[in-house]
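Going in written order, the chains are labelled A, B, C and D, and every chain counts its residues from 1.
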Amino acid sequence: MPINKISNSFVDAVADIPSGASIMIGGFGGAGGQPTRLMMALRDLGVGDLTIIGNVAGISKTTGYGWPEHLDPIDHGMFFESGQATKITCSFPVPGTTNPLSEIERAWREGRAEVDIVPQGTLIERIRSAGAGVPAFYTPTGVGTPVAEGKEHRDFDGRTYLLETALSADYALIRAQKADTRGNLQYTGTSRAFNPAMATAAKVTIVEVDEIVEVGGIDPERVETLSTYVNRIVQREAGDPLP
Amino acid sequence: MTISGKPAGNDPAPRLDRAAVAKRAARDLVDGSTVNLGIGIPALCANFLPDGVELLYHAENGILGFKELSAPGEGDPNLMDAGGKFPKLVPGMAFFDSVESFNLIRGGHIDVTVLGALQVSRTGDLANWIIPKRGIGSIGGAMDLAANAKRVVIAMEHTARGDTPKIVEECTFPLTAPGCVDEIVTDIAVIKIDRVSGRMILRETAPGWSFDDVQALTEATLVVDGEIVEIS
Amino acid sequence: MTISGKPAGNDPAPRLDRAAVAKRAARDLVDGSTVNLGIGIPALCANFLPDGVELLYHAENGILGFKELSAPGEGDPNLMDAGGKFPKLVPGMAFFDSVESFNLIRGGHIDVTVLGALQVSRTGDLANWIIPKRGIGSIGGAMDLAANAKRVVIAMEHTARGDTPKIVEECTFPLTAPGCVDEIVTDIAVIKIDRVSGRMILRETAPGWSFDDVQALTEATLVVDGEIVEIS
Amino acid sequence: MPINKISNSFVDAVADIPSGASIMIGGFGGAGGQPTRLMMALRDLGVGDLTIIGNVAGISKTTGYGWPEHLDPIDHGMFFESGQATKITCSFPVPGTTNPLSEIERAWREGRAEVDIVPQGTLIERIRSAGAGVPAFYTPTGVGTPVAEGKEHRDFDGRTYLLETALSADYALIRAQKADTRGNLQYTGTSRAFNPAMATAAKVTIVEVDEIVEVGGIDPERVETLSTYVNRIVQREAGDPLP
């Protein structure tokens, strides 16, 4: 049978996510590449005790980071404002300013959320490793810093490295420009970021796209996430005002 | 170079403005280099490239070869830089994902990164991601860039509020990377760090500033090795 | 199913031909799976998919979703499979590099791989890359596939030259991967390997072949667990 | 100054390669993606004691692997026939048959060449790691086989893995379809294979292309090797009969 992974709605696509799940959220931070409609559906689902894995996370609402000026930014902070998330692993959870306080920092200050800060290159390589069957790797990044605490140190060719382990999740919510019905994905511009790696690293990968095309509607040179990694696809409504 | 206003407090002469610091830092960027500029003063370097110098700007979010920003209100959220701003589409750009972006950084393929700092130590330790009393900070790409770029330049104001030294014997703030800084460009000085000998060499000073004036605002011991010239 | 000719030597009945082995192996491939077929009999499986089954064929050299080969003389060297043959361009294909290709394999995203073998042991050890007396062999993608595919099926002739058993108690040839094989489809039998209990369960035999006939050409001890049916 | 990395000839592009150098050769094996003209120029240069790093290597000449039927295949065996190479690291150095004997197997039998056989996924990951600043990683592939001999074994989550180290080279000879003058590269079809990773893992990367275009002549979505990795580009002559 032709493979078809289309979900009818954002509500349907996230409906089986249970409380306690770990959730990767794609993009870099900012509107481009962020699965904003899937995030809103997960918030509306109301499940709790979530672990969020993101990159630049929760700083758009207070700083406008990565959002067009005329729009009210939406970011990972929604899960901390709602009390659904109790942990976040990311590289950039707070902006330079504390006025106003971001939702993640507020939750952290109030003891409602654990914040695990990982260097960005280590974070993406840990996620990539989970998808690629590599349980652990050595990196020079973080040696001599608080990030190195409790980690194995090892020298190769006279330089010291840290052992870092793969990072997977139960679900990945990602964003692409275009999907074919089989689940091949194409991105645009800088919207790739964490999306392709996260697609490989979760048990279930759910994709928010602007457009779904028939098989053959994506140039085989432009398949940037292979259909094998994709479980569900949801298309945005035409004219969706969110970027 | 723009110097305006009267000297503040006990300063012997005005400090350089942010643009002048960026302009001086930009002067050392070598034609053809792949360069990553941090937010703040470092990002301003792009406005002051010497004639004939063409750089490839890299941003962590997966873009190489961008130039100026789009006009306000005209940016495309899918064409962003690492500071969350929206550059224009220009010929020769490349888009890629975060795995590739950090292969470039971690693999040592970035020729120069210009970053801001909270503290830099005499031996080139860098602290720029967390203020201890806040208890929470953001690392982003800073640790990967500081630890792995071929050359690390710091562009910053020489002191923190109340003239607290930022250039110190030992960093008291949590590090971004140890022994990584090659050069510091501030609003009163250009300092080279000889990491082999652990010496901070004062090379240039702002107009009207002497070695002693700069040392007075610097906790780390500065040394002279060759002529000290005026920042131009 | 094609069975032709008279039985050879002491055989009770003809053995299946290569196409029939491939056809039987293909029957277990689940609709929608991502599948990697090795060279030889495994590659023939693609010709015998049951009606309604659509598979995504992956080849190590960086292609997913290919189907039939181009006509002789019409292939494009830039559209190759891992056997060095040239498939046709079909809708839904994807091209990618070797890093991505082995992320897919090593990461456990291949649902089934069908491979050939020199030896398979009772506990599912696989040897298929080197004949010891030659002293040199080729691993290619075989170790990655055998160690990491969700399901490993061997499609091969039951015995080597002179009816030397290939299904053995312990492999004497260097391994490709230990304890990886789930099922063996040969020209006289279909055998499931229960790796937990270390048992080889004979499930199907070629027409005219009994349990004892198959056991006689198999060094490893076979067991019965459920009915033995005729390969169809 | 605009960056321009064009070499005038294949001879010029390889002229500084010294005896004793380690040379990565891109592609998968077969004509597609193989830097055949650069290989021929290196053979003609005549330097010796070379270490070759390839993938499927030296089997096309005797088997036709990956070459159109009407052409005489050219492969890595040329460096062993000429006596220039004394070692090869690759995944697939010999075909199933020994009649006729491949040049690599002949050199190995005669004690003229060391052959280091690496599982393909480990080989590409080692090369990728060299370019990505990862000195070593763990992989499940090869455990319990001759490949594991002498290597560190380590368990993660109850499964055993091998430690494998990064593999770099002095030079990478690679093949792309198109380059811009700055050195951005675009590939076609299955010609990617080992080329993009090798481009990142050598001190000097030299690229053979079918076409050189001005900056802007490659879609920014299709830059598959970043110009930062590329040192020299040589364009084939129009109408080159080799694939």
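Just so we're on the same page, a residue touches a chain if its C-beta (ideal position, glycine included) is under 8 Å from a C-beta of that chain, and two chains touch if they have at least 3 such contacts.
Predicted model, so just to flag it, every value in this text is computed and none were measured.
Asker: Provide the labels of all chains in contact with chain B and in contact with chain C.
Answerer: Chains in contact with chain B as well as chain C: A, D.
Asker: Looking at B-D and C-D, which one has the bigger number of contacting C-beta pairs?
Answerer: Result of the comparison of B-D and C-D: C-D.
Asker: Taking each chain's centre as the mean of its C-alpha atoms, give the chain farthest from chain C.
Answerer: Measuring from the centre of chain C, the most distant chain centre belongs to B.
Asker: Measure off the straight-line distance from the CA centroid of chain A to the CA centroid of chain D, and report it in whole Å.
Answerer: Distance between chain centres: 34 Å.
Asker: Using mean CA coordinates as chain centres, what's the gap between chain C and chain D in Å?
Answerer: 29
Asker: What positions in chain C touch 2 or more of the other chains?
Answerer: In chain C, residues 95-96, 102, 105-106, 148 touch at least two other chains, as defined above.
Asker: Any chance you could list the residues of chain A touching two or more other chains?
Answerer: In chain A, 125, 128, 132-134, 139-140, 188-189, 220-221 touch at least two other chains.
Asker: What topology does the chain touch graph have (line, ring, star, complete, other)?
Answerer: Topology of touching chains reads as other, fitting no named class.
Asker: Could you run through all the chain pairs that touch each other?
Answerer: Applying the touch rule to all chain pairs gives A-B, A-C, A-D, B-D, C-D.
Asker: Once bound in the complex, which stretches of chain D touch chain C?
Answerer: Counting only chain D, the residues touching chain C are 28-33, 55-56, 59-60, 63-70, 91-95, 98, 105, 108, 115, 117-122, 124-125, 128, 139-147, 177, 187-197, 224, 243.
Asker: Which stretch or stretches of chain C touch chain A in the complex?
Answerer: Its residues touching chain A are 31-32, 34, 52-54, 56, 58, 64-65, 89, 91-96, 100, 102-109, 148.
Asker: Along chain D, where are the residues that touch chain B in the complex?
Answerer: 1-3, 128, 130-134, 180, 182, 184, 200, 214-216, 220-221, 223, 226-229
Asker: State the interface residues of chain C toward chain D in the complex, per the touch definition above.
Answerer: Residues 59-63, 72-73, 75-82, 84, 95-99, 101-102, 105-106, 125, 134, 136-144, 147-148, 174-179.
Asker: In the complex of these two chains, what residues of chain A are touching chain D?
Answerer: 125, 129, 132-140, 154, 156-157, 159, 161, 165, 188-189, 220-222
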